[in-house]
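Please go over the structures that come below.
Heads up, the next two complexes both have chain A, just with different partners, chain B and then chain C.
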Partner chain A sequence: MTASTPVAEPTGGAGSVPSPRAGGSLRAFVKGGGLVRWTGRTGALIPVLALGFILAVLVVEAIPAIRYNGLHFFTKSIWDEGTGYNSRIVTTNGVKHLTGADYGALPEIAGTLITSAIALIVGVPISIGAALFIVERLPRRLANGVGIFLELLAGIPSVIIGLWGALTFGPFIAHHITPVIARNMPDVPVLDFFRGSTGNGEGELTSGLILAIMIIPIVAATSRDLIRQVPILPREGAVALGMSDAQTARKVTLPWVGAGIVGAVVLGLARALGETMAVAMTCGVALGAVSSNIYGTMTTIAATIVTYLDTAFLDGSGFAVRTIAELALILMVITLAVNVAARLMTRRVSGTPLPIGAGF
Partner chain B sequence: MSGAPPQGLARTASGAGLWPSVSRRRRAGNWVFWALCLVALALVITPTLWMVAGIIGRAASHFKFSVLWTSTNNLTGGLRQPILGTVVITFAAIIIGGVISILTGLYLSEFSRHRGERSILRGGYEVLAGIPSIVLGYVGYVALVVDLHWGFGLLPAALVMTVLVIPYVTKATETSLAQVPTGYREGAEALGMSTSYTLRKIVLKAAVPGIVTGALVAIAIAIGETAPLIYTASFSDLAPSLHLTHQALPYLTYLVYFFSSLVQPVNSANILANDAALVLLVLVLVLIIIGRLIAARARRHAES
Partner chain C sequence: MSTAADPASSPEASAERTASIAPTVTAAAQQPYDDSAVALSAVDLTLSFGQHTILSNITADIRRGAVTALIGPTGSGKTTLLRTFNRMNDKVSGYRHDGDVLIDGRSIWHPGLELTSLRRRVGMLFQRPNPFPMSILDNVVAGVRAHKMAGKPAMKSIAEQHLTEVGLWAAVKDRLKDSPFRLSGGQQQLLCLARALAIQPDVLLLDEPTSSLDPNATESIEALVRTLVPDITVVIVTHNLAQAVRIADRTIFLNKGRLVEHGPTKQLFENPAEEETANYVGGRFG
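Moving on to the complex of A and B:
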C-alpha cells in the first residue's frame, strides 16, 4: 500500500484535503497512516544512529592510538604497556602513554586471519557436501529432521561450544590426532608448519576447527536453501547429456547457485572473524607472539579484546584502552568489508537475500 | 524436489549398460562423491551430538530441578539470580529492540519510497548485523559504563543487547511484510479501510508469524551471548532489581565459562557451570521448537 494514495474516508470529513478543523486533520493524519509513517521513520533512524554512535566511539577512542602506534602496529609482534617500576605518563605528539609503551598487533591480526582461513578450508566443503546430500539424497521428512541439527548448532551459545572445545575436543585431537599428523608430516617448507610440538590442545588448530564447526550452520543452511531452488529442467538436461548425478551436482546444480553460496561462505567468514568466546577459550590467548606451528597457542583480535580489556583499564594513561579501540576498529573494518561484500555480491547476481547472523 | 528425481537420475546414470567399463568408472565416481557428501553430513551431525551429549552428560549426574530456584551464593547454591538476570536482560532487549525493529521494518516495507533512503536505512541494520559482538561490548563498556558513569548494570547490558537483537527482528519484519499478498492491501483499500487500519488489522496481522519467528531467533541469540555482557553487566550474585545502573547482575553464560573448571578449581562452581550450560541448551531447544511450530502453523494457514 502506498501511503500517498488518498484513502476514501467512510465518515466523510477530512479525506485527503486538509480540513480546517484541527481535530479533523489530526484524525486524517492518524487514519491516513501519517502517524505510523512518522513514528516508523523515527524508529527506522535508530539503527543507523546506533551504527553511527558505535563508529564514532571507536574512531574517537582509536585516533590517539593510531597516531602513536603508527604503521608499526601492523608489522610488529609485541604487547608492552610500558608498566614497570619507573613507568610514568609521558606525552608524545599530544598522546598520553606510559614510558616504553610499545604495541604491535601482528599476532592478533595474523591469528584472526589464520583461524578464519582454517575455518573456511575445513568448514566450507563439509557444509556444501552436507547441503548437497540433504537436498539430493534424503527424503524431505528426514531432511527436515537433519535441519534441526543445523539450527541447534547455530543456536548453541558460543561459550558452550568454547567449553566443549577446551575440555573435550581440544584434548581429544591433541591426544589422538595431531601427534600422528605432526610425526608423519614431511619437513618441507609449507608442510613443516604442521610439525613440531602439538601442545595440550589449546591453540591455532583447535580454534580454527571450532570456528569451522561454528560457520557450518550458516553456510550449510544457506547452501541447502539455495540448492533446493535450482530448477529441475537444467538438471534433467544434464542427465539427458549423459552426466551422472554426481556430475550433475558438481557441474550444474552448484554453479547454478554459485554466487549465493559464495555469499554465504563470506558471511560465514565474517562470523569466524568476529567470534569471541569460543576462540578465547580454545586459543590460549598468547599476546605478543606468533605461533611457530599450527598447534601453538595464539590469539585473535576478538579474543584479545575480551581477555585484556579489564587489565587495559589499569593503565593510568588510558593508552592501553585506546590501543584496544584500534584493535576493535581494525576488526570492525575487516568484518564489515567482508559482510558488505557478501551482500553486494549476492544482491547483484542472484535475488536470494542472505540471512543475518548465525544462520537459522 | 529432494525425493524422487535424484533417485531417477541415479538409475539413469548407472543403468546404462552399453559401455560397461565407462559405466563402472562412472558408477564408482558417483558412489565416491555421494559417500564423501554423506561423510560431510556426518561431520556436521557428530560435533552437534557430541556437544549435546557432553552438556547433558556433565550435568546429568548431579542435576536437581531445585537448582533452578535456589539462590546463588558466591560459588555455591543454585541458578536463581543468573536465570533471572538472563531473562530480564533478554526481555528488556527484545522489547526495546522489537519496537525499534518493527517500526524500521514497517517503514522500510510500507512507506519508504525513496530508493536512497531505503538503501541507507536497510544498509544500516544489515551493517549492524555484521558488527562482532565483542566490539559492541567494548563500545558499551567504554561509552556507557565508563564515560557516562553508568557503571555495570541492566541498562548498558540491555542497550548493547538491543543493538544485537535489532537486525534479526528487522529482517524478519521486513521479509514477512513483503510476503503479505498485495491482494490483501487492495482488498482492504477497496473496502474503504483507512491506511492505519489496514496496516494494523490486515498487513501486520498476516506478518505476525514471521516477526515472531525472527524474534525467537533473536532471543536465542541474546540468551547465548557472553562477550558483550562481560563488560556491561559484569557479574554479581544479586538478583536484578529496579536499579538500572550501578548494579552488576548475573547471567547464565557467565557461569558457563567463569565457573567452569577452566577458571574455577571449586567443585560446587563447576557443578553450577554444568547446570547453567544445560539450562541454556534446553532454552535454545525450546525456542527452536516453538519457532518451528509457529512456522509450520503459518504455512498450514497460508495453504488453506
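Moving on to the complex of A and C:
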C-alpha cells in the first residue's frame, strides 16, 4: 500500500555501493585490509588483461589476412581458399597463401547482423512484456514458478535447442507460417525481403527466431529483477494520475531502471551475436552467398568459424586459418562496439534528466 | 450504522444535512444529487481487506470547494478512506466494499465512469514526494500528456503556469530539463503538486503531504492548499492537529475504522460533540 523502499530514486540498475565499514581497531585489520585490497585490484585487472591478450592474439593472427583480403573482405561474397589441382603456395606482399585464394565475408557479417536483429526485434518486446507481467500481474508464488522455468530455459544447451530448431521448429514454420507471410507480403522495397521461396525451414528467419528464444530467458529474467526494484511510490503516482498500465510501464517503471534494461538487452545481443551451435544447425549451407530473402539459407560469423575450421586447417599455406582469425576479430569488434554504444546510449538517455549510476 | 457516526448530532451539521442531502441514504444512492455543495460522498461505506474490516459504515459528505481534514489515530483507516476516493484500493488483495462513494452524485464504481477519467478528476499527493524519472518539465506535464489534454506546443506554457502556481518557477526555470531528484524534498513535493494540478482535478487528495518536510516547506504547502479552494475540493489526511486547525474548514475524526465525528473544524476541536473526539483532540490540543 505505501512504499517500503527507503530511497525513492532510480538507480538505473547500477549495483549499489556498499557502505564503507565502520572504523574500529584499525591496526588489527591493516594487514587483512591491505590483502583484500590487493587481491581486489588484481582481480579487477584480470578481465582487462584477458581482453587485451585475446585481442592481441587475434590481431597478430589476422594481420596477414587483413593485408591480403583488404577492404573487399567486407563487400564481397565469396569463399574460395584456392585449393585445386594446380594450387601452389605463393607469397603476395609477404603473405603466404594458395593461388587463387579469394575471400569476402559479406554473407557472414550480414547474416550475423540480420539474425541478431531478428532476435532482438522479436525477443526484447516479449522479454520485457513478460517481465512486466510477472512482476505486476502474477501472484508471488506463480511468479517464482515462472522464474524457475525461465532459468531452466536459459540453461538448455544450445545444441539441443539447435536440434529442436532443425528437426521441429524450422520445418513447422516453413510449412505452416512462412508461406502465408510470403504470399501476402506486398511487393515493395524492404517488405519484398519477406517474399519469395520459403525453403525447407533452414535459414535466416529460423535462426533468428531460435536466437530470440535463446535470449528471452536472459533478457526477461534480468528485466524482471530490475523491475522488482522499482519502488511502489512513483508507480502509484502514475496510477493516481490516471495513467494506464501501459503508460505507467513506459513512462515510469521502465525508465526508472532504463540503464539496466539496456544492459539486459546488450547481454541478450551479445549472446545472439556470438551464439554458434544453434545457428550452425539451423542456418542451412550457404558459404559465400547472401540470402535473397529472409527465409533463405545463410551463415553467420560464429557458425562459419565452427563449421569451416577443420577444412581451414587443411590449407597448407595457413592462410585460411588467418582468414578465420580475421572473421573472429570482426565478431569481437562488433561485440565490443555494441557494448560501448550501449554505454554511450545510457549516458545520453539518462545523463541530464536522471541520476543514474555509472553503468550496469 | 454506529450512532457516534451520525454527523447530525451537531446542530450546525444537522442544519446542513436537511438543507443539502437527500433524506435517506438509499435515495441518495439511487438518485443523482442535485446539490452542488457536495463534491464527494461516502454512503454507508464498509471496506475490508480479507478478513479485516478496515472501514465500517462511513457516511460523509465532502463539501465542495472546502478543505476537509481527516484525522484519527494510527491505523484508524484515514489513508484507506482517502485511497478509496480515487479507487487506489481496488487492486489490493482481498479488497471488498459495501456501500458507495459518489462523485457529483454518481458512483465512482459506475461502469460508465472510466477509472482513468475518475483519477483525472480526483488527484492525489502522497506522503513522500514521488517524481517520475524524467525531466522536471516532463514531470509537470506527464498527466497532461497521458490524458492528451493539450498539444505539444502548449506543454511548456502549461508547465510554467503550474510551476508558477506552486511557487517553484523561479527556482527551476533554468533547469527544466534537469532531473527532479536533485531538487530538495520540499521542492519535489511542490513539483508533484504542480503535476497533480496540471490535469485540473476537481478534487485533490493529500495523504500527510508534509510529514516528510521541514517547517518552511510545510508552510508553503499549507499556504498553497488554501489558495486551491474554492476551485478545488481538498481532502487532507494529517496527524498534525495544528495543521488541521490551520488549513481545514471541516474535519472528520476517524477511529478504528468508524467515523466518529464530522463538522466544522473549529467546532470539532473546541466543542466536540463526542467524548471520543474530545479525548483525541483534547489530549494534545487546548
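Here is the rule we go by: the second predicted complex is superposed on the first by the 283 of 360 C-alpha atoms of A that agree within 3 Å, B and C clash if a C-alpha of one lies under 4 Å from a C-alpha of the other, contacts with A are read in each partner's own complex, and residues count from 1 in each chain.
Quick note on the criterion: a residue touches a chain if its C-beta (ideal position, glycine included) is under 8 Å from a C-beta of that chain, and two chains touch if they have at least 3 such contacts.
All of these numbers come straight from a predicted model, not from anything done at the bench.
Once chain A of one complex is fitted onto chain A of the other, the partner contacts of A:Gly40 are limited to chain B, with no touch recorded for chain C. Looking at the shared chain after the overlay, A:Lys251 reaches chain C, while chain B stays out of its contact range.
A simple residue count on chain A separates chain B from chain C, and the partner touching more is B.
By the touch criterion stated above, A:Leu71 is placed in contact with neither chain B nor chain C.
Look at A:Leu167: by the touch rule set out above, it reaches chain B but stays clear of chain C.
In the superposition on chain A, contact of A:Val188 is made with neither chain B nor chain C. Contacts of A:Val239 after superposition on the shared chain: both chain B and chain C are touched. When the two complexes are overlaid on their common chain A, residue A:Asp310 makes contact with chain B while staying clear of chain C.
In the superposed model, A:Ile213 makes contact with chain B only, not with chain C.
Look at A:Val57: by the touch rule set out above, it reaches chain B but stays clear of chain C. Across the superposed pair, chain B and chain C both touch chain A at residues 1-3, 8-10, 236, 239, 242-244, 247, 353, 355.
Listing the residues of chain C that touch chain A in their complex gives 79, 83, 86, 88, 92, 115-120, 123-124, 126-135, 138, 142-143, 146-147, 177-179, 181-182, 192, 195-196, 199. Chain B contributes residues 1-3, 5-6, 9-10, 12-14, 16, 26-27, 29-30, 32-34, 36-41, 43-45, 47-52, 54-55, 99-100, 102-104, 106-108, 110-113, 120-121, 124-139, 141-143, 146, 163, 166-168, 170-171, 175, 185, 188-189, 192-199, 203, 217, 220-221, 223-227, 230-231, 253, 256-257, 260-262, 273, 277, 280-281, 284-285, 287-288, 291-292 to its touches with chain A in the complex.
By the touch criterion stated above, chain A contacts chain C in their complex at residues 1-3, 8-10, 233-234, 236-244, 247, 251-252, 255-256, 258, 352-355.
By the touch criterion given at the top, residues 1-3, 5, 7-10, 30-33, 35-37, 39-48, 50-51, 53-54, 57-58, 61, 125-130, 132-140, 143, 146, 148-153, 155-164, 166-169, 213, 216, 220, 228, 232, 235-236, 239, 242-250, 270, 273-277, 281, 302, 305-306, 309-310, 313, 321, 324-325, 328, 331-332, 335-336, 338-340, 343, 353, 355-358, 360 of chain A touch chain B in their complex.
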